[in-house]
Each structure stands twice: as structure tokens, then as C-alpha cells.
Amino acid sequence: MAVEPKLNIELGKQGVFVTSFNELYNWGRKNSVWPMQFGLACCAIEMIATTMARYDLARFGAEVFRPSPRQADLMIISGTVTKKMAPQVVRLYNQMAEPRYVIAMGACAISGGPFKQGYNVLKGIDRYIPVDVHIPGCPPRPEALLHGFMELQKRIAAQPLTGEGRPRHLDEEGMAEFPVPVQGAHDLEPSANKLVWPLPAPPVAEAAPKTGAEG
Amino acid sequence: MKTAEELLVAIQAALPDARVELLLNPSVSAQHSIVVAPADALQVAVYLREVEGLDYCSNVTGVDWPGKEIAEKVKVTKLVAGVETEVEETVKRREPGCLEAVYHLFSMRNSKEGAQTPIVLRQRTGNRTDDVKVPSLTPVWRSADFQEREVFDLFGIVFEGHHDLRRLLMWDEFEDHPMRRDYVDPDDYEWEPTAHDEVLKRAQAQAAGVAE
Amino acid sequence: MYFKKEVIFGNPMVSTSYLPLLVLFLAALGFGLAPLGLAWLWAHLVSPPKPNRIKNAIYECGLESRGDAWVQFRSAYYLYAIIFLIFDVEAIFLLPFAVAFTGLTAGACLSMLIFVLLLVEGLVWAWAKGVLTWS
Amino acid sequence: MTTSAEFKSFLPPVIEPDGDGSLLEVAMGPHHPSTHGVFRMDLELDGERVIKLKPVFGYLHRNHEKIGESTSYLGMMPFTDRLDYICPLTNNWAYALAVEKLTGTLVPERAEYIRVILAELTRIQNHASAIGFLIQEMGASGTPLMYAFREREKILDLFEWLTGARMMGNYMRFGGCRVDVSPEWIESAKKFVAGAPKFLDEFEALLGGNEILMARTQGMGILPADLAINAGITGPMLRAAGVNYDLRKVDHYGIYDRFSFRVPLGDHGDIYDRYMVRILEARESIKILEQALRDIPGGPIKDPKAPGRIFKPKPGEAYGRIEAPKGELGFYLISDGGASPYRYRVRPPSLINLTVLEDMCLGHNVADVVLIFGSVDIVLGEVDR
């Protein structure tokens, strides 16, 4: 469906530029991803350092940090998501306008990181909302955040408009509502959103614990 | 700056009926502390601030001393084969635990002479379950305001007379006191994708439980 | 007689007709509304609307918003609003005056001066009354 | 005699709404552009005036102290980096000092000098970013912060060169430091210190005489000295209220006695004084750095007998504290002879400096609450621990 690269280059030499509507649509969205101002902890300081003059996130069209979720396309979860903050994070993600993306920046956002044994620390934000790009590191260097950003742009560029692999905001049955967890007496209820984070069934007890996990 | 011992003598002189005693600190830092009975803690605190000039309460924290089984060697005279003999016997004594609120006091106004060692004031609750009331020292030192709320939140010591005693760090619907030694945090590790050793055992137990 | 070509379209040599003005206005309107129209069309045709309760909830720093925002404000605010309104409207009237300022006769300037002075007198009264200083 | 007549207890004041409108209840919540992270203030507003302000904490409570009770002494050192993540190296020093006080370990000369150098570099970049954030909240979106972060990047390069990581150095050990300082590092540190006054002059020329800044900060959020002492306020906020209490002079820890530097004091205790105290403190730090870099001696950087990885201090307790850029950062350790501390407590200057936020903000406009909060200069990792 896309234009063959070789043909494209040949035509380009003759001064004829050919593109498809899909590439144009993704090109526009890719180069103006507005992140939401959402700093949680130490990774937020590295995120701010990335937007400053030396590492300059503005080169990718993302220096506009929108405080309100209504005007943001990307939520960079930079820091530890605690159980007290998790309902707010999920509610903010729900309140963002569709085509929205999530970067889990830092080990804490991915899996609880160094504070994994904490009773008030959520073991990773993947349990409640779908994450597009994970950036390991504690905190990841600004270059790592830029690289994660470029990965996200590649992913946006590769999204077809119609057909099977089309993004969530373009298909009717795509999941739109991510239930906000409730703070219970001892823990968050539910402790994970099964639709977003399907728990792999563990290897069965009686058989020798095989490495692969069925189910 | 008076040391803890001198202060103890001064307190006992000024407030004869105050139940205070010294707790020696075996560490090299030699920061000994004064244990005061909760009933007259407020009295002692006002005295320390007004008379002794300790106008700065730097740090307020809680310590949880759970009850301990103490096995003691006790000399017991027992009839052994008809003969009265002294016998070594280990007696199990269950020492009731307590919750402790620790205050570190300094003086800001006259802080000129020499390095400052903190005057450590300790209040102990009756036990760890129902008698956990301790007078709040926030009226005396405002810096204890948030820190006492944190101790109430994480340890469960109820500070009477605190103007706004709510949970500071955990959410309000939370019921346990997580910093206590016997707190078991919710098992939400679940099983990472590559389950291994005890996480694997826990996962299989949970899966077996689910299977029935 | 009124439906002759010249009256409606006017002969091009003498530009008495308002046709260019109309075309410009329509172009401006189109230039403004076209992107909105396209966006609405795109949203309507291609991306399916998926509203839900959490998404449509009021955004209050990530929390569920308590209380409502329809609150009776203090009276000082209404005075501010009224004063702004007066001087904003005045500025609009000054615009054509400022554009054609050089070609005007003395009488027109005088009448405009009276208009401006009237409003400045209103401003002086408000200032004297202390409405502008925030309590 | 519990609370006699002349005994003064400093409880938060309550003010009445004077307007005729009804009160608006709004949460300046965890996700807000001006709360330096996830901090929430429940405000009750009468129009623009703040009638009630209740701060809510805990959104970044990462259970630092609970983890401390099940991790070895040395294992806690990288965690202390993440307490006040703008000044990781001063956290390390405070923790190392507390353990040295607990066990009586001595620190060689060269290590003391390195500690002072790193602490003062941290202080400069902390004060620069604190002022950058404060001015950004005043409306100058970006520009002053760019200046501050440009200097901060230079200091972070020095940290990265020495400790291996830009922010999380995990550099200090009980009884010294982890890696020795190379002469080239000292040269480039001297070059930075030589250029630092020019940056502060530029910063002050840009901000100091600026009418908008003066109009918005002078007379705003005034903190009286006796309330500051009673509420346990420490650091630049306390010195801006006029109380001469700087742990580097009071506690004589480290080798600060060898350096001649002065402690700047304010006299009104408002936001402008805090801004000026931070700028002057940064200048004093430059003076300390010049002296320390000039006469840093040779020798070992770690006491060979110092405790290493497996380390069980004798039972006892100790409270060590240092003058961190935000105030008095203290560590209270109770050891029961085990490999991990029985009780591990961090005295957070940011949380305690917020005790009087309500007293300072009541009666002001909401826009000023943002400024007063910014002038306190907190970091959420340390507030919620």
C-alpha cells in the first residue's frame, strides 16, 4: 500500500514527490507529539534537563509541555508511581484525548524499580494502562529519553490507517475506558487491570516447573 | 549546653513529681536519652523549652519495640533426687512491647559554644494494642506537627492534643500501620513473567488456589 | 432599474460596488472555517467517538472534583468586568478613527476628541472611587 | 503549669472570609504544573484570597525507611541518592556522617576535602535551579531556568566524571569516598569555579533589580523569626528570617572550620530575602570551593580500617546531621548489632519547612501561594520519603 522506496527515490530525482495519505497523516502526528507535564520523581528532573538547552527535546517538536491532559498526546510517566498516586495517573490517562501514547520512563515506572519492596509502590504502571515505550534506567540519561522518543515516533509512523493493525483510536472496538483502581483498606482494588496486563498462568505445580509458561 | 545527665538532675529538681529516667546509649556517639512518662511529658517539654532554652525540636520519630521472649537463667532451688540443690533454669519471660516517640531537641538561640549533641526525649506507650495514647508536643514545638502525624500514620501512636491528627503519608482509607515490625505488606508481586524460586512457589500456590 | 448589471456588479472602472468586499469577507470566513470543517469531517467519518464517564469527568489535578464551580463571586469582580467592557468597546471605535486620521477635517477630530474625553472622564471617576485598587 | 499564660504555642492561624461571596473549594492537586512534583494543597478560596490551605502528602511515599530496615548499611547508600534527588551527594554525606557517628569511624583529610567540594558544588546547582523554578512560576517561562540548568549541566558533568553518574553518585562510603579525584578533575573544577561568579552576576543582573520580581516577592509570605525557630525551619528559609543558624558553623562537622566564609542573613523573611540569601550562599560556596580546591592534600581517600560491605555496628543509636542545601538533613540510626539498621529515620528538611506553609499563605492570592510554595524549595522525594 505504501509507495515502494526505490520508485519513490527515482521519482524524487526527477523532482516528483509521491506520498500516501497514511504517511502524510502519520508524518504530521509524529512530529508534533505534545507531552503532558507529568513529573513524579527523579526521572522528572532528567526529563526537564532533556527539554533544556543542552539536550533540547524541541528538535523533535515536543518542547510544548501541556499541563492539561486535554491538550496532550503523550504521557511521560517519569518516576515512581505509588499506590496513592495510581488512581490519579489512570484517571489522567483516561482524560487525555485519543491518539494518546505512554512512555514509562525509568525503572520505577516499568516495574517499581529499586523501591519494589515498598508497600506503597505500584509494581509498574503496565498493570493499569497500556505502555508504548519503556525506557530503562534509574534515572535514564537524557539521551536515553531522546532515543525512547524516537522509538515512539517510529511506532507512530508505522501505524496504518485502516485494516487490522490500525491504532486504538481508529477502531470502534478498541478499549477506550481503563477503570480507575480504588484505594482499599490494605491495597489497591483491583491490584491489576486483567485486560491490560494479562497475567501469564504460572507453570503448573505438579509437573516439573518447565521454563515456558503455558496459557 | 547541658548534657543529658545534667538535664535529668535539673528536671528532677524543678519538677519533683515528674517520672523521668536516663537511658544510656551504648554507641560511641554517646547521645543518651531521657525517658519521660507520658502523663507529665507536656510539663517536662514546657520546662525544657522555657527554662533550658531548647527551643528547636529537630526530629520526631517513632520506634516500634515488639514484645520479646526473654529466656533468662534463673537460680532455682529444686528437689533433685531428694537433695536441695541450686539448679540453672531458663525461664521464658514475655516482655510486653511498646511504641516509642523520640524527640531530638537542640537550642538555636544559644548555639555558639561547640558542637551540639541532641537532647533525646523519649515517650513510651503502655503497650502496642489498645493503650497507645501519648500527649502531643505540637503546642510546645510546632515542628512536631507533621512529624507526629507521620508517626501516627506509620506507627499508630495516637497523639492527644494534636490540632489536626490525620494520616500524613498513606491514603485515609488505609487501616494498618505499615512501619510496625509485624506488618505484612500485601502480596502483589504476583508472578513476574519469569517466575523463579519463592515467587514461583507463591504463584503456583495462588494458581492452585484459583484452580479449585 | 435596480436589477441592472451595473448596480449589482458595478462597472469595474468606478469602484462603487461592494463586490470585492464581499469576496474578501467570504474568503476570510472560508479560511477560518475550512480547517474546522475538515477536522469535524475527519472526526465524524474516520475516528469513531468513544466517550466514557471518566474521560468526560471534570479535570481537577487528577482527582475527582468535589463541590461545584458555580460560586457567587465577590462584587468587586463585576466592577472590573464592567470597566473593562467600556474601555474595550471604546478602543474598537477608535480603530477606524486612527486609520483615517490624516485625511480628517478639524471638526471630525474635535468630535472624536469629545468622545475620548467623555470616556477618560469615566476612567477618572472610577479611579477616584478606588474601584481599580484591589482590596 | 502545663500551658501558663505567657507560654506561647505557635498553632496555625484561622482567618475569616471578609467578602460577600461563597467559598470555592479547589484542590491544587497532585498533577499541577507548579507543585514541583506530586504535592497537593486543598485550598478554600474566597474569590482570589486563600482562606484555608491544607497540604496533603504521600503521593511519592516510596517507603524509604521500611526498605532501610531490611537492607544492609552499605546497601542503603544508593537509596539515599533518591531522597533529595537534586542534591544526591549531600544526602550521601549525611548518611555517611550518621554511620560514622554511630561507629566512630575516622575520615582521612583528602576525603574530607572531597566531601566539602562536592557538597558546595551541589549547593550551587541546587540554589541555581531553585531560583530558576521560582522565577518560572512567576511567569518567566523557561528563560531563567535555561540559564540555571546550563550551569547545572556543567556541574553534572563534573559529577559524572568523578562518580560515573550525572545525578545518582552513590559516591560516599563510611570513612571516606569511593573513587579518588584526579588532578585533571580538580583543574576543570577550578575552571568551573572561576567562571561561576560571572554566571551569578549575569543571573543577578537578569533578576535582582527586576521590578516585577521585586513587586511580586517583597513583603510576600513573611515568616517571623520566632515562628521559624519553633516550627523547626532550617536552611535558607530560616536564615532569611534573620536567625543565624548554619550547621556548618554550629556543628563544626567536616572541616568547614578551615574555610573562611560568611553566613548571609535576611531581615524581612519574605520571598525576596530567600532569593537573595540563596544567591549570596551560592557566592559563599564559590569562596569555599576556591579555598578547598587550592589546598586539597594528597593521601588516602578511605580509612583502611573503615567498615566495608559486611558491617555490623555494635548496638546503640546515633543522630547525625549536615547543612544540606534545603536545610538540616539528619539521619537517625538505631542499631541492634544486625547487618541492617533496626530503625532508619531520615529527618526531611523539605517536609518540616512546609509546616508553616499555611501560616505564610493565608490571606494571600492564589498566584502568590504558588510563589510562596516555590520559595520554600522542596523536593518530593525527601518530603514523602
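Letters A, B, C and D mark the chains in the order given here, with residues in each chain numbered from 1 onward.
Everything below uses one rule, namely that a residue touches a chain if its C-beta (ideal position, glycine included) is under 8 Å from a C-beta of that chain, and two chains touch if they have at least 3 such contacts.
Everything quoted here is computed from the prediction, not taken from an experiment.
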Using the touch definition from the top, list the chains contacting both chain A and chain D.
B, C
Looking at chain pairs A-B and A-C, which one is connected by more C-beta pairs in contact?
A-B
Could you work out how far the Cα centre of chain A sits from that of chain B, in whole Å?
44
Computed distance of Cα centres, chain C from chain A, in Å:
41
Between chain B and chain C, what distance separates the C-alpha centroids? Give it in angstrom.
67
State, to the nearest whole Å, the distance from the C-alpha centre of chain B to the C-alpha centre of chain D.
27
Please list all residues of chain B that touch 2 or more other chains.
169-171, 178
Note the residues in chain A that touch 2 or more other chains, in rising order.
84, 88, 92, 117, 119-120
Using the touch rule from the top of the page, what residues of chain C touch 2 or more other chains?
61-63
May I ask you to sort the chain touch graph into line, ring, star, complete or other?
other
Within their complex, chain D touches chain B through residues 1-4, 7, 9-12, 54, 57-58, 61, 63, 65-66, 101-104, 227, 229-234, 243, 245, 250-253, 313-321, 328, 330, 332, 334-335, 343, 345, 347, 351-352, 354-356, 384-385
Over in the complex, which chain A residues touch chain D? Could you list them?
37-42, 44-46, 48-49, 52-54, 67, 79-80, 82, 84-85, 88, 92, 114-115, 117-121, 138-139, 141
Complex contacts: residues of chain C adjacent to chain A
46-48, 50, 52-55, 57, 59, 61-64
Okay, in this complex, where on chain B does chain D touch?
25-29, 31, 42-43, 46, 50, 55-59, 61, 63, 102, 104, 108-109, 111, 114-116, 118, 120, 138-147, 154, 163-164, 167-171, 178-179
Using the touch rule from the top, collect the residues of chain D that touch chain A in their complex.
29-33, 37-38, 58-64, 66-67, 70, 78-79, 82, 85-86, 145-146, 149-150, 152-153, 156, 166-168, 380-381, 384
